[in-house]
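First chain A sits with chain B, and in the next complex the same chain sits with chain C.
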Partner chain A sequence: MVESLLFIILGAVLIITALLGITRTNPISSSLCLVFAFLSLASLYAMLSSAFVAAIQVLVYAGGILVLIIFVIMIMHLNEKDLVHLKPKYMLMLVTAVIVVAGTLAPCLYVLSRSSFFAAQTLPENFGSAELIGSVLFEHYLFPFEMLSLILLTAIVGVMVISKKKL
Partner chain B sequence: MTVLPHHYVILAVIVFTIGTVGVLTRKNLFIVLLSVELMLNSANLALVAFSKMHAHMAGHIIVMFSIAIAAAEVSIGLALIIALYRLHDDIGLDVLTKLRG
Partner chain C sequence: MAEEFVVLLPLWIIVIGAIGVLIIEAVWGTKGRSVLFAATMAILLLAFIGEIMVYRWTCAGAQDIFLFNRVLKISALTNLFVLSAIVAAILTILFSDHYLIAHAATTGEYYFLVLMVVAGMINVILSHELVTFLVGLELLSLGSYALAGYFRNREKSIEAALKYYLPGIFSTAIMVMGIAFIFGATGTTFFDQLNQGMLQMPHRSIAFVFGFIMLLAGIAFKLTLVPFHAYAPDVYEGASAPISGLLSTGIKIAVFASLVRILGDAFQLPSGKAMFVFLSTATMAVGNSMALKQENIKRMLAYSSIAHAGYMVIALVSHSAIPARDMHFAIGFYLLAYTFMTLGSFGILGWLSGREERFIYLKDLAGISKRCPAISLALAVLMFSLAGFPPTAGFFAKYYVFRLAIVSGDLWLAIFGILNSFISAYYYLRVVVYIMMKNDNDVQLPALRLSLKLAILLSILGTFAIPFISFP
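Showing the complex of A and B:
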């Protein structure tokens, strides 16, 4: 009971802040809305018994990525002409897209929820703990993990090249 | 009513749709970038839900990778926006017409 109440509240917060985030004119208010969206997503991860992913979500998304975006928006000194308003005809498009996606997915999910695909499994004792994630990561996914460091290095070098004064 | 993993998947689909509409309709490059982040996050939510559904840790690992790649993607996207702003003094998607020749 408490779980479903929490799910409804967090899901409503997530959807409302996401909608606010894509409809604001000012990118600063947009990113502040998305901070709340990412925090409610972190709570949803915690409800899915994955506390470590929730912690990473708060640290990296709300604490790192969005702070970086807000920082860049602030140093760019935007003028009034840079703030493009959302046109009303796009709201019509939004409503149409939501109806199309809901109409496509509702039958699929209904059929799936009848089948055994969604049958609840018994979770192991330490499911989602940092210990288990670490052991799985370093036993089965060591090579992709090392490749990730190459990707991050490429991103660092790429950012430095792109944002040079003279392109 | 108990909360089943497929409720989380439905929520992820809704958030993904909102992100897609944001990418398609907005002209401000920052908000387009934020909408892409929203789409990535909804995929992460679906992955964590599937991971719990199958009692298997692979979903968590993919979410870790996806978060790391999202961080790299955001930094490169912001660098591109700054380079564009230096070139045009504008960050609307309308100024991105150089490649048309």
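Showing the complex of A and C:
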């Protein structure tokens, strides 16, 4: 009972802050909304008994990525007149959202809820522990994990290529 | 453990070589730029030779090799696709040499990114598991986003990068969601265990189908199949010509290879046939009909690349009814033929179009045959091959694919494909007509570098020779 109540509250906070995050004109306030979205997402992970993933979510996203975003916003130093005020067509957005939800998400959820996809299961003893994640990452998925370093290198070089002014 | 290093030799050569190229750029700067092309070519040739050695070795064993806790699988099929991917990279680099010098834009980063894209392709082709597949696909995509926007002083190039990047990350997000669904439904991400996982939990098959559709949507985006093709013309038009060639050939080789692997190893969807029929017919029809009215040759080639993806999907339609060997052969052959034809045409176009790629309209081709008969003959041959005239590779590629459709009882699909080929002949032959036309426009053609001559020779040779290669 408490769990489902908590889930509803956290889910509502997540959706509302995510919506606020994409509708704010001021980049700082929209990134602050993003912090709350990340935090409620981390709490949802914790509720799914994945404490390690929750901690990583807070450290990496709420801690690292957001500082980076705010840093970039400050470097860009936007004036009030640079910020374009969006004039969203609310009716159009509503209709689109209804079509998307009704057309894709609702049948998906309906069918899934009728199958036993959401049926409760007992978790193994050390589910979500740092030890288990570490062993999966460095034993079974060693190759893709190492390839990730190449992805980061490519991303760094790619960003440098695109952002240099002179050819 | 030693096996990991020997069998993956081409990948290690390319990765280490790419970092070496970056170091050359960092240490010697502008002075080192003259050796970059030679160094990259040497790396790719070494990788090619290494792959042939691996090929002989694995074929002698006639057994699939699994590496790194079964996340990678090497078989005769994957070797063939890796070879095609390296060939595509070699052609791209050969064409790039002239292009970069003509535009005064040679940097180590360019060669590094191309090599990284190739490493991503090899990773995608070899992956035997969805997470590894995703990582490889991201490596390949990130490199190609940056390469599409490499000429950032051109508005079109920036537009191409953005139009590639934004839909690209959306498609990746959808694909990750699909992989999560598949994992939730089967409890595994290994291709050969998905079927078993499904059978153990039949009540979850609906989640599996959702996951598969999302995964297929992400793959179809990379292959420019029709509901997901809209980005392709703008991207291929805006990116520099050699890179457009790499994007339209190399990436398709890699992603088609993994799609074939997923379908072959993992599962035989009972209702999948209708989906592939729709994808192939829609892709062929839209690609060919849109190409008809293009005046810009790069856009025309982009739509032709969409249409060719449609022909290739015909081979997948009947994947459960025919021997896997035949399907692999048909697709592998088609991809190799397509690589030579498309990269060759993009490369020649990059040479003709001059600085800033201003001369890329059909009318700019008028009178080329007078001033440079050899190149115009080559371009005409490539166009005939793309249209599927015998005795070029394009004809044999289409023949093998359509024969599969007939053998498995989908005669109408083959007829639809042949009708589409007739339509496509119109816009390919239009290029030939314009080449032969008399004209007095006095555009100065750039000089022919050795690398460009080699590249054109290689693509023409490929167009004529690969029908004679016997695939094991």
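Quick notes
We take it that the second predicted complex is superposed on the first by the 146 of 167 C-alpha atoms of A that agree within 3 Å, B and C clash if a C-alpha of one lies under 4 Å from a C-alpha of the other, contacts with A are read in each partner's own complex, and residues count from 1 in each chain.
The definition used in the following text is that contacts are C-beta pairs under 8 Å (C-beta built on N, C-alpha and C of every residue); 3 or more make two chains touch, one makes a residue touch a chain.
The structure presented is a predicted model; accordingly, all values stated were derived computationally and were not measured.
In the superposition on chain A, contact of A:101 is made with chain B only, not with chain C.
More residues of chain A are touched by B (comparison of chain B with chain C).
Looking at the shared chain after the overlay, A:112 reaches both chain B and chain C.
Of the two partner chains placed around the shared chain by superposition, chain B and chain C are both touched by A:151.
Of the two partner chains placed around the shared chain by superposition, chain C is the only one that A:139 touches, whereas chain B remains out of contact.
Of the residues of chain A, those at positions 112, 117, 140-141, 144, 148, 151, 154-155, 158-159, 162, 167 touch chain B in one of the two structures and chain C in the other. Chain B makes touch with chain A in their complex at residues 1-11, 13-15, 17-22, 24-28, 30-31, 33-35, 37-38, 41, 44-45, 48-49, 51-55, 57-58, 60-61, 63-65, 67-76, 78-83, 85-87, 90-92.
Chain A contributes residues 3-4, 7, 11, 14-15, 18-19, 21-22, 24, 27, 30-31, 34, 37-38, 41, 44-45, 47-50, 52-53, 56-57, 60-61, 64-65, 68-69, 72-73, 76, 78, 81-84, 86-87, 90, 93-94, 97-98, 101, 105, 109, 112-113, 117-118, 120-124, 127-128, 132-133, 136-137, 140-141, 144-145, 148, 151-152, 154-156, 158-159, 162-163, 167 to its touches with chain B in the complex.
By the touch criterion stated above, chain A contacts chain C in their complex at residues 108, 111-112, 115-117, 139-144, 147-148, 150-151, 153-155, 157-162, 164, 167. Interface of chain C with chain A (complex): residues 15, 19, 22, 67-69, 71-72, 103-105, 107, 109-110, 112-113, 116, 119, 123, 131-132, 134-136, 138-139, 142-143, 145-146, 149-153, 161, 184-185, 203-207, 210.
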